[in-house]
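I've put the structures underneath this note.
Here subunit A shows up in two complexes: once beside subunit B, once beside subunit C.
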Partner chain A sequence: MTQTLLIARRELFAYFRSPLGAVVIAGVLLIDGIYFYWKGLTEKLLSAQVLQEFFFGASGTTMIAAIVLSMRLLAEERQLGTITLLNTSPVRDGEIVMGKFVSAFGVVALMTGLTIYMPLLILVNGKVSGGHIAVGYLGLLLLGAASVAIGLFASALARSQVVALILGALIMAPMLLLWALARAVDPPFNGFLSALSLHHENFRPFMVGILELGAVAYYVLVTYFFLLAATKTLEARRWR
Partner chain B sequence: MGSVGGSAFGGRRGWKLWIALCCNGASIHGNDAPGAVCNAAHGPEQGPRPPDLARVSGVLWYRAPVIEIRDLYKFYGDRRAVGPVSAQIEKGEIVGLLGLNGAGKTTTLRVLACDLLPTSGGVRVGGIDVVESPHEVRKRVGYLPDTPPVYPEMTVAEYLSFAARLRGVTKSGVQKQVGEAMELTETAGEADTPIFALSHGFRQRVGIAQAIVHRPEFVVLDEPISGLDPVQIVEMRELVRSLGGEHTVVVSSHILSEISETCDRILVIRDGEIVESGTEAELSARLLKGMRLEISVRTGASVEAGLAALRGMQGVASAEEMTEETAPAGETHILVVADGDVRAEASRTLVESGCDLLGISRGQRELESVFLELSRGDAPARPRRRKRQNKSNLADAPSAETPSAAEDPS
Partner chain C sequence: MALDADKKQSKPSDKTAATPLEPGLGKTAQPAPRAASGAPLWVLPAYLVGMVLVFLGQRVLSTFDTASMVATVVGALSALCATVVRFMPQYRVGGGRKEIERLLAVLSVTGLVALGLYAVTTDAGAEKIGLASLESDARERWLGVLTIAWIALCAVAIVPMLFAEAALLPMRRAAHPEYRRVRAAVVSGFSLVLAGVYGSLLVYSADGVDIKADYSYFKTSEPSESTKKIAAALTEPVTVIAFYPDVNEIRPEVERYLRGVASGAANLQVEVQDRLMIPKRARELRATQDGVVVLSRGGVTESLSIGMDERNARPKLKTLDRDFQEKLMKLVRSRRTTYLTAGHGELSDQSAGTASDKGLRVIRTLLQKQNYLVKDLGLAQGLGNDVPEDADVVMVLGPTEPFAPEELGALKRYADRGGKLLITVDPDSLREGADADPTAPTDTATPTDAKEAPEPAPRAELRPDAPAPLGPADGREGGPGRPLSRPPAGTQRTASAQWQRGDGRCRAGSAAAAVECSGELRATRRGGRPAVFPRSSGTRKAARAEALQRLGPSALGD
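== the complex of A and B ==
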């Protein structure tokens, strides 16, 4: 646990000493702000609908930001040769992966937290429940965690950050589009594919303020699966 | 390299109480001499081996090698990168791994540092198996790869503190140990400098500092002088030499002079195998079938007398005047081939025969050419590829002692 926190702290430090962390956060806040302004002030929607649209827009930026933030986690270590320091230290591969995950997820959480002023602005002239806001943010964090785990796995596979970014996007895209595939197939496969969709089926309940345990479990499992895959990838490299 | 007995291969401590009976004058091997030490690998009838023994608190201890490598193989897919390699390295030794690029030096060092796992064979550091307990081994090993594993955005002090904590140094001990490492590597003056602003030489120093910051028993340095300027090379040599004694050090290089300047012992690696091992003097004697001396005397009538006197010396096979265009005016160079080290006798003989002796040195260039031949391999090269069948057969070899020895990485 100590080693995990140690690695996470160093990674967080790296995010904020390089422009990457600040640029990604600023970019996400800008896009979320523009989207919120467009939906909230230029369209005639109910307060709850504005909040719903805000979470929809924020989910997209969160996924993209998570992939961008996680592309460097292991690929950069390999490029710089610093992975050797981690590999030859008494640290388990799982601890390395967890440390990296915690740091990237920390940045995603900070970035998500900084958008809170937008839902609060709805309260100035409208009415939304605190529960809706809380559930929506829980959904964003769960989606962010799953996206970081996917990006981290891609980073474990790739030798360069650009390849990690492309690989992460290539893994995520089919997972996002499973709902469209589900429409084209017959039952019971359509239900199965729809349930595996990264966004559509599983994120919608959070958007409307409904906490579904199945959706929570889905995101936790996706996160666990890709973190495990990243750990196994690191372990396998020692035997190559 | 002597073989080791099975019992000597086990145990978690570098220092081993071999047979306690020896301290009260008894021996289970029939050696009745007081203080005799029994050694399964090196029987009592052969007498104790001084380098393996030490007296601690009045008790004689058997000093187990820090590193024991037995029939190590490492394959990348079907390609054999290393193997078979067997070697022992004693505590406090500085050992040089000499070989051309692609000979298997880095792979061997990565296995020793627990960065890679061996395909088969046994590697023990301080008696601990690298496959069974890699974490325990990593606590005892410091590793500098060919490129220093440094984070450019961190300062030297921040980076070393991170490396120390990562390697298990307690929070309270970090400051002291980082300070010591910086002092030893002379990087204390750059403690607050970001690593990206350091020169290549200083980065190498920081790389060595991270390798020793947790006070490991065993330090592995992969080509530490690579890319350094002449002044930095001299400083790096001194630094590596200063690590000996407290740490056991393995240094790799493809340059003989670098290895011979810094190391107590040389292992020559070719095509993934150790083809020669010994001190520089031992290798010179063995490979050059004796010792070659290059003697410089003032040109004059006495040179002929000197040559005759040298030829008459016991142990001297030949003494010839060298024809060198580069020799300075007024100097004559003589090449002496002898059975052993006759430098003292040769210098005395020359002075007594009236020669003005200007210099005497061992024939380094000849040794280098022999090493070059050795590294390239004058014998037909072994096939680099083996079939999977051959690899799995290693499991049947009696020396493949670890449970994972026969594991197939794929």
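== the complex of A and C ==
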């Protein structure tokens, strides 16, 4: 645990020592703000619909930001050759992965938290429930965690950050499009594929303010699975 | 970098293992021992291609019989041959190589077992082992378990096999491949697959539990208690089918609502079907599009259109309970006709300008929701001659003008022959100064007085959410309810109407129940005043006193 926190702290500071963290956060806030302005002020929508649209837009930027932030986690170590230090240090692979995940997720959580003023603006002239806002943000954090885990796994596979970014996008894209594939497949596989969809079936309840056990379990398990896969990828040096 | 270093240090080189010593070393050089070879490299592709062919034959080419059969047979044979070839090296090699080949052979067999389980889930396979003869629920349960099992076994076989081959590839030609490397790779793949399978099952189970909390501002309609009571009181089987494709954002909302209604309703069966999967049944139920809920009882159907996309379905989801209850009532109750008298300044008299009264609109809405056809009845509609034959109930709601003798005669004859008559009069609404023909009240109009009400009486209150009684009564729906008797003192001063009947066939509970009371129906309003007042001149108090005096003790009821 101590090693995990040490690695997490070191990585967290690394985000803010380089321009990457600030640039990603600024970009996300800019895009979210423009999208919120477009939906909230230029379209005739109910307050709850504006909130839904905000969460929909924020989910997209969160996923992209999570992939960008996590691309460097292990690929950069490999690029710089510092992964040897990590591998030879008395730290388990699981602790390395967990520490790096915590740091990237912390940045994603900070970035998500900075968007809170937008839903609060709806309250000025509209009516939305606090529960809806809370559930939506919980969904964003869960989606961000799952995306960071996917990006971390891609980073564990790749030798450079660009490849990690592309790999992460390639893993995430089919998961996002599973619902479309589900429409073309016979039962019972269509239900199975639809349930595994990263956004469509599982994020929609959060968008509309419904907290579903199934959706929460899905994101937690996706996060766990890809963290496990990243750990196994690091362990693969024993047999590759 | 460490990875590369590890590789360089510990990975056996193909060259050092399999290549003979260089020729320049002379005669003293001894040839290296020939590496014992394992299964050929093509075994893995053959195995994988076989599995893919089976999948294509069963899932993609299933509509083309010949192609499906060829792909399935070729695929299965390919996988089988690859497995047999995989076993062969075990008898000619030893050491680590033998262990590796054995491990890979076990994984190959696991894949074949998965294929066998899949075969059991097909129609022919299920029939052969007797699954087809099981009850529907048991068969579905078994097929579900077998489907999960073959998918899981397939993943357990293929993923670790790929990991093992990846670990084996650099030392394929080595004289002594390291078994531990391959085993570590298999364990990694195995743990990943198990995590994936367990995770999928957990998500599936969590979805099945359907635990959710709605924090949204606009909530989708939930089944109301009245709808649940109506469903629970069904005496005949009613089937509700929602036609939605398997993947649709509205489907879970509708399904959740219908399952909520069906919970605790023994005679309500709910299905959610893809219309294209059951075209014949959809045709029978006249479901020509998706996004429709069809209720059927016997040969009678009622359909409720909700829509497929969120924009159209959203407003309908909000009123889903109200609309569904209305359709359910129409399905389980036969169509009846209610006549509201007109032309005497009644609340229902549109010419009097009082028809917009909110309370009356509530009554009209309630009656229509419970499958009553509401019509006006006045002199123009033949009330001077007789009450129409199709009248199931006649309601006189707060007249302010006197009835003509012919009209009263028609109402009396109607009541005498067992017609259902509801009369409500508010003396406060009597028009001041209007001349009235002091027509004597009929037997059906009997005042009840709070002071003379010794027994408690259940009330029939007009509430929008009042559940309708169901079950046979009077030869129709509505069971033999509790006998109504006089209300206790002080309980009649209420804004709601009250009905009494001495024969025990009438029950309280709703407006519909009230209008079913027939014969010696007594309706009172506001303090037990006479149901039908002859309008009298003078003050309200005098009019009441005069009326009561004229009616005499016999009018106080039996």
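One rule holds in what follows: the second predicted complex is superposed on the first by the 237 of 240 C-alpha atoms of A that agree within 3 Å, B and C clash if a C-alpha of one lies under 4 Å from a C-alpha of the other, contacts with A are read in each partner's own complex, and residues count from 1 in each chain.
Keep in mind that, in the parts below, a contact is a pair of C-beta atoms (placed from the backbone, for glycine too) under 8 Å apart; a residue touches a chain by one contact, two chains touch by 3 or more.
Since the structure is predicted, the reported quantities are computational estimates derived from the model, not experimental observations.
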Touched partner set for A:232, first subunit B, second subunit C, both or neither: second
Partner chain in contact with A:123 - subunit B first, subunit C second, else both or neither: neither
First, second, both or neither for A:91, with subunit B first and subunit C second: first
Partner chain(s) touched by A:30 [first = subunit B, second = subunit C, both, neither]: neither
Winner by number of subunit A residues touched, once subunit B and subunit C are compared: C
Contacts of A:194 with subunit B and subunit C, given as first, second, both or neither: second
Partner chain in contact with A:78 - subunit B first, subunit C second, else both or neither: second
On subunit A, the residue positions that both subunit B and subunit C contact, one per complex: 81, 83-84, 87-88, 238-240
Touch list for subunit A against partner subunit C, complex: 46-48, 78, 81, 83-84, 87-88, 127-129, 131-132, 134-135, 179, 182-183, 185-192, 194-196, 204-205, 208-214, 216-218, 221-222, 224-225, 228-229, 232, 235-240
Residue ranges of subunit A touching subunit B (in the complex, touch as defined): 2-3, 6-7, 10, 13-14, 17-18, 80-92, 238-240
Contacting residues of subunit B [partner subunit A, same complex]: 76, 113-117, 135-136, 138-139, 141, 143, 145, 147-154, 162-163, 165-168, 210, 409
Subunit A-touching residues of subunit C, taken from the complex the two chains share: 1-3, 5-7, 59, 144, 147, 166-167, 180-182, 184-185, 188, 191-192, 195-196, 199-200, 202-204, 206-207, 209-218, 245-247, 249, 274, 277
